[in-house]
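Here come two complexes built around chain A, the first alongside chain B, the second alongside chain C.
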Partner chain A sequence: MNPSVKQEKSFAIMLAAPSVLVLIITTTFPILYLIWSSFQNINLAMPMNDGFAGIENYIEMFKDKQYWKSFRLTIIYTVSTVSLQLLIGLGLALLILRIPKAQWVFRLMAILPIVLAPVVVGLFWRTLMLTPDFGIVDFFTQAIGLGSHAWLSEPKLALFSVILIHTWQWTPFAFLVLLASLASLPSDLYEAAKIDRASAIKRFFYITLPLIRPAIIIIVIMRSMIALSAYAAIYAATRGGPGTATEILNLYAYRTSFLEVNFGYGSTLAVFILVVTVSVATVLYLIRKKNN
Partner chain B sequence: MNKKIRDSILTLLATFILLIWILPLIWSVFVSLKSEIEVMAYPPNIFFEPTLNNFRDAISGSLSIVSELADSLIIATITTTLTLLLSIPAAYSLARLNLVGKKKLGFYVLATQMIPPMGLVIPYYLILGKFGWLDTYHGMIIVYMTFSLPFAIWLMVSFMEDIPREMEEAAFLDKASRVKTLLYIIIPQVKGGIAVTTLFTFMNAWNEFLFAVQLSGNKVRPVTIAMYNFVSVEQTMWAKLCAAALIAMIPVIIIGIIGNNHIVKGLTLGAVKGGGRK
Partner chain C sequence: MKKRKSILEKKISRRKFVKNSVYTGLALGVFPGILTYPSNALAESFGANINWRQAEGSEITVGLIPAGYFKNLANVKSTFEDLTGVKLNIEMTPPAQIRNKAMLDFSKKTGMWATNCTDPMFYYLYEANGWVDRLDEYLENPKLTDKKWFDYEDIQASWRGTTSVKGVPYGIPFDGEATCQIYRKDIYDKAGIKPANTLDEYLSNAQKIHDPKNRLWAAAVRGMKGAGQNMYIYPSILAGYGGKWFNSSGKMTVNTPEAIGALDYYVKLQKSFAPSGVSNWNWPDLADAFGQGTLGSYIDANSTAAVINNAEKSKVVGKIGYARWPKGPSGKRVCSIWNWSFPINAALSEKDKVATWLFIQWACSKETQAATSHKFAGAYKRVGVNRNSVWKNSDFQSLMSKMGDNFVDTSIKSYNQDTDADWRPRTAKWPAIGGEMATAIQSALVGEKSSSQALIDAQAKIDKLMMG
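After this line comes the complex of A and B, so read on.
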């Protein structure tokens, strides 16, 4: 082998090794530990039963009604927040694109919700926006004759509210990515379509949409991952309540592990979340690969 | 329709939507400037005598969040520094050098980035507990590396790939000159990328909540936990919460404003490969 090539190889390993080592220790090892604990009984409240459990926790999971409910809530939460972000983000991007001046103001404002800590967003909405007879949202619904509502303590409304909060914080992301993607489209295509007298709707569906498809797929990938790991905003707004009306899998795994101190079963739920996340990611990446 | 009229209608509509959208933030600024009595007025007052008492309390009063701010600063700064030191050489190796098993390693980094935080907080609670590292700075920094390092590596890889190849080809001789190439040719080329990575890493560490609330909380108290003290079952100190939260969010709001254009680029660049995590 050429000595310079050989040396480049050893240099490359030298540079990458520290990171890889840190990742193995800080991520892979804990995940293996998590998988191992999912096959154990680890309950700090009943330590005398601790020990190997086999697939007991997994059998318990499939029989557990709350698990199914949380799983369903996770699907509702993820699908609805991601679709809302895409639809509203696309609408806003198409609107702002047609504004001749000061687009940067809108871009700058859109950054604000994104950079806030989700826990702060959850607290702001819980207090300032949604408190009955105090919050702005409640004030407006009363003003237009829809009345005051227990936004966070009535089960169906609470689910709506946490979806609203997530959508509020992350739609600007979809908006910004779509705006950048729309702004980079070639204008001569549209000129040609205009000459051919294609209607605005046709132009959108046959020219714009196919061209921004890569951006849409990227948004769906990123937003699904974030929605699947959502925790802080819901915790701050409802703690999964009222009852378990907004307890998506993350909050259920949290409650099981840290409030009921049943770490074995909590680990099993977390392994399931991991499996769901990896499956969704794999499917989305395959779609993306096919598209390129 | 006249083009000018159409443009002004669209601008008006967009401005209206935008104002509604950031209403929660605007309102939090209003509330933070109110006295606790004024806050309770319903329907809400837009005109009132503003006071800075809430901000004073959040900095120097009994509800001070200064020590929490310091804790967040320590954790976020060290996490960011370590992340940069590790990720820049790794990204260079992955993006530009003849690294053995490059594809597999890239995939591995991507996979670690996708681990849901709930999958880590449970084992970390048990593992850090065994070492007696719960509620310590080093414990928190180790945990924060789990999401910052994979993200930073991928972000840096995408910036490194943009450098024209001719730049380094000629300089390859021995190990010393390879190190020099990295330090004096490559790193200056990706200054912008390093800045974006720094902002992102710092912001994600600053805003983190799940690990903070479960793995620390007494001796080490990141600022995201402090927010919680203002809202309890017995009472909610609305105005004080707003003031404290706004102070706590100043660093990330500044990051958002100065990094405006880069953040969008960073978000999409990261998105091409994997994606960030909050």
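After this line comes the complex of A and C, so read on.
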């Protein structure tokens, strides 16, 4: 190797080393520690049993009914929120695109929910919007004759409500990405299709959708990651309740680790969430790569 | 005109400097009080026959929650620093996080907090892990404690009970509360009813004033899932029904007939007379609804009186009455027994432990309790003082009587007669058990399960937890 290239390479390594070191300390090390903890008995309420557990925690996890319930809820929550965000976001983007002036107003409005902390969103919906007899949503449902409902206290409605809350906060993200993507589509393709008498539906399915597919995949990847790691808004709104009706895996791992102080088993649940999240991200990434 | 030299322009000769230094040294030698006077005077005002400056030069950090009572304490912290020469740092952490942070601190032995305001239900866990020091050794050491002055027995007995494990104190209570009936006196008077003496009367009272069409719900209690929410109310109803947490052989039992009866009552009260979202309500929601005039009564902590008497937000100031918990079918009335207390972190150095003990004595003393309550200069006056003697003080009583009808009498009787330390199940596994019970209670409150089924399921989970 040319000495000057070698020297430059060493200099580059020197420059990158501090940030790599910080990354290792703040991300890699905690993950390794989490994996190590998942093979240990660490229960602060039973310190006398602490020690190496082998795969005992993992066996217990697969036998645990609450784990399977939380896993099922996590899948329902992720699939519904991502699908709704995508569908509503796309619909809104197509609609706003047709408005010739003042699109910036809608863009600005769309940013507002995104910049709110999820815990604020959870509390806002719990107190101001969804409180039966006092909340704004209940006011409207009563006004149109649908009556009052315990939005966060009835198990099925509570799951619907937390999906609604997450969708409300994050649909603007999908909307903004899709609006930008739609705005950049070439108009000559549409003009050619119109000359060929292609209907609006055909133009959408054969031109628009294939052209915005990369944006859709990016949205699905990013929104799935966020939905899988959702915690604060649900905790603020329902604490995983009523009962365990909205206790997705993150909340169950939190309850196990920090309320039941069983850090060993809590780590096992967290490792499982990590594996699921990385697997979903990898699959979606491979799909994107294949399409490219 | 001759210009006067400023002090900076004046040249000090070596001879002058030596002369002045000698005079100053002599003056301090002959009259040491020049330097020590302020702290001696302060020490005298605290009256304890101990050396308050035995840990001078130490620096301790104390974890508190950002509540008014601790903000008042933080406001007078210079008194402690002047008295002891110990530097006191205060860190405020929200209540939902302080237990987790404290547990991480204790378990990793970092000694981040010398002490922190502690939930009494956690002492069995802390004691089992050896995370906190037993305080009888501090209380009995004449070098550290003037027993007569500190007067440990003056602190509410039930609170002392909750911060002790098997009779050994591990924390000193600083501030606390008791649950009681809080009702709209004007509405009760109009309906010709008196506050309930029994749980059944509480329901029949509710029946008489319930008018949701005109936005008046008769009664409510906390329904939100949580060890400090629905599991803060249910234990009182259970005890009123004669239920106990442990059977005669020491096994934790939560599905007894008394327990099912108590949970049925809780469900009936909430379903019949509370707003429909109450199973997700915590105390601020109750206080807000009451303050807005939409609740006829609620049972919760007497400390919420400060919220419902805030004239800026409340529409019911001057219309509030208080009464003790209604008696259950067993003839017992049992209120909550909540307090924030201070333990000593076992991971500290010996010198810092002494400094921490001085802080605890100072904070929990009669003098500081008064200084942060009726004698506090700011607008917020503490309600939950820890000492019987302060509750008997006429200045304090006259201030507290402004909270509403019968507030002082209800509070004193509730503290002294209406509860015991075993109001909730005291075990090292409380964090897990509290969570399981809270989930079971909410399942019944929202109609997901019957009371009986919810408690049978909870029993199965608790059996597993107790074995694990």
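Please note the rule applied: the second predicted complex is superposed on the first by the 292 of 292 C-alpha atoms of A that agree within 3 Å, B and C clash if a C-alpha of one lies under 4 Å from a C-alpha of the other, contacts with A are read in each partner's own complex, and residues count from 1 in each chain.
Quick note on the criterion: a contact is a pair of C-beta atoms (placed from the backbone, for glycine too) under 8 Å apart; a residue touches a chain by one contact, two chains touch by 3 or more.
Because the structure is a prediction, the values reported are computed rather than measured.
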Looking at the overlay, what does A:118 touch: chain B (first), chain C (second), both, or neither?
first
Based on the superposed arrangement, let me know which partner A:77 touches: chain B (first), chain C (second), both, or neither?
neither
Considering only the touch criterion stated at the top, classify A:259 as touching first (chain B), second (chain C), both, or neither.
second
Between chain B (first) and chain C (second), which, if any, makes contact with A:132: first, second, both or neither?
second
So in the superposed three-chain picture, is A:67 touching just chain B, just chain C, both, or none of them (first/second/both/neither)?
neither
Does chain B (first) or chain C (second) touch A:43, or do both, or does neither?
second
With the two structures laid over each other on chain A, which partner does A:7 touch: chain B (first), chain C (second), both, or neither?
first
For the overlaid complexes, name the partner, chain B or chain C, with more touching residues on chain A.
B
Where chain B and chain C land on the same part of chain A: residues 126-127, 133-134, 258
Quick one: in the complex, what on chain A touches chain B?
4-5, 7-9, 11-13, 15-16, 18-20, 22-23, 26-28, 30-31, 33-34, 37, 42, 92, 95-96, 98-101, 104, 106-109, 111-121, 123-129, 133-134, 136, 139, 168, 172-173, 176-177, 180, 215, 218-219, 221-222, 225-226, 228-229, 231-232, 235-236, 249-250, 253-254, 257-258, 263, 266-267, 270-271, 273-274, 277-278, 281
Write out the stretch or stretches of chain A touching chain C in their complex.
43-47, 49, 126-127, 130-135, 148-155, 238-245, 255, 258-262
Chain A partner contacts - residues on chain C that touch it in the complex:
100, 103, 107, 125, 128-129, 212, 215, 223-227, 275-280, 285, 289, 294, 428-432, 434-435, 439, 442-443, 445-449, 465, 468
List of chain B residues in touch with chain A within their complex:
7, 10-11, 13-14, 17-18, 21-25, 27-28, 31, 40, 42-44, 86-87, 89-90, 92-94, 97-100, 105, 108-109, 111-112, 114-127, 142-143, 145-146, 149-150, 153, 172-175, 178, 182, 203, 206-210, 213-214, 224, 227-228, 230-231, 236, 238, 241-242, 245, 248-249, 252-253, 255-257, 260-261, 263-264, 267-268, 271-272, 275-278
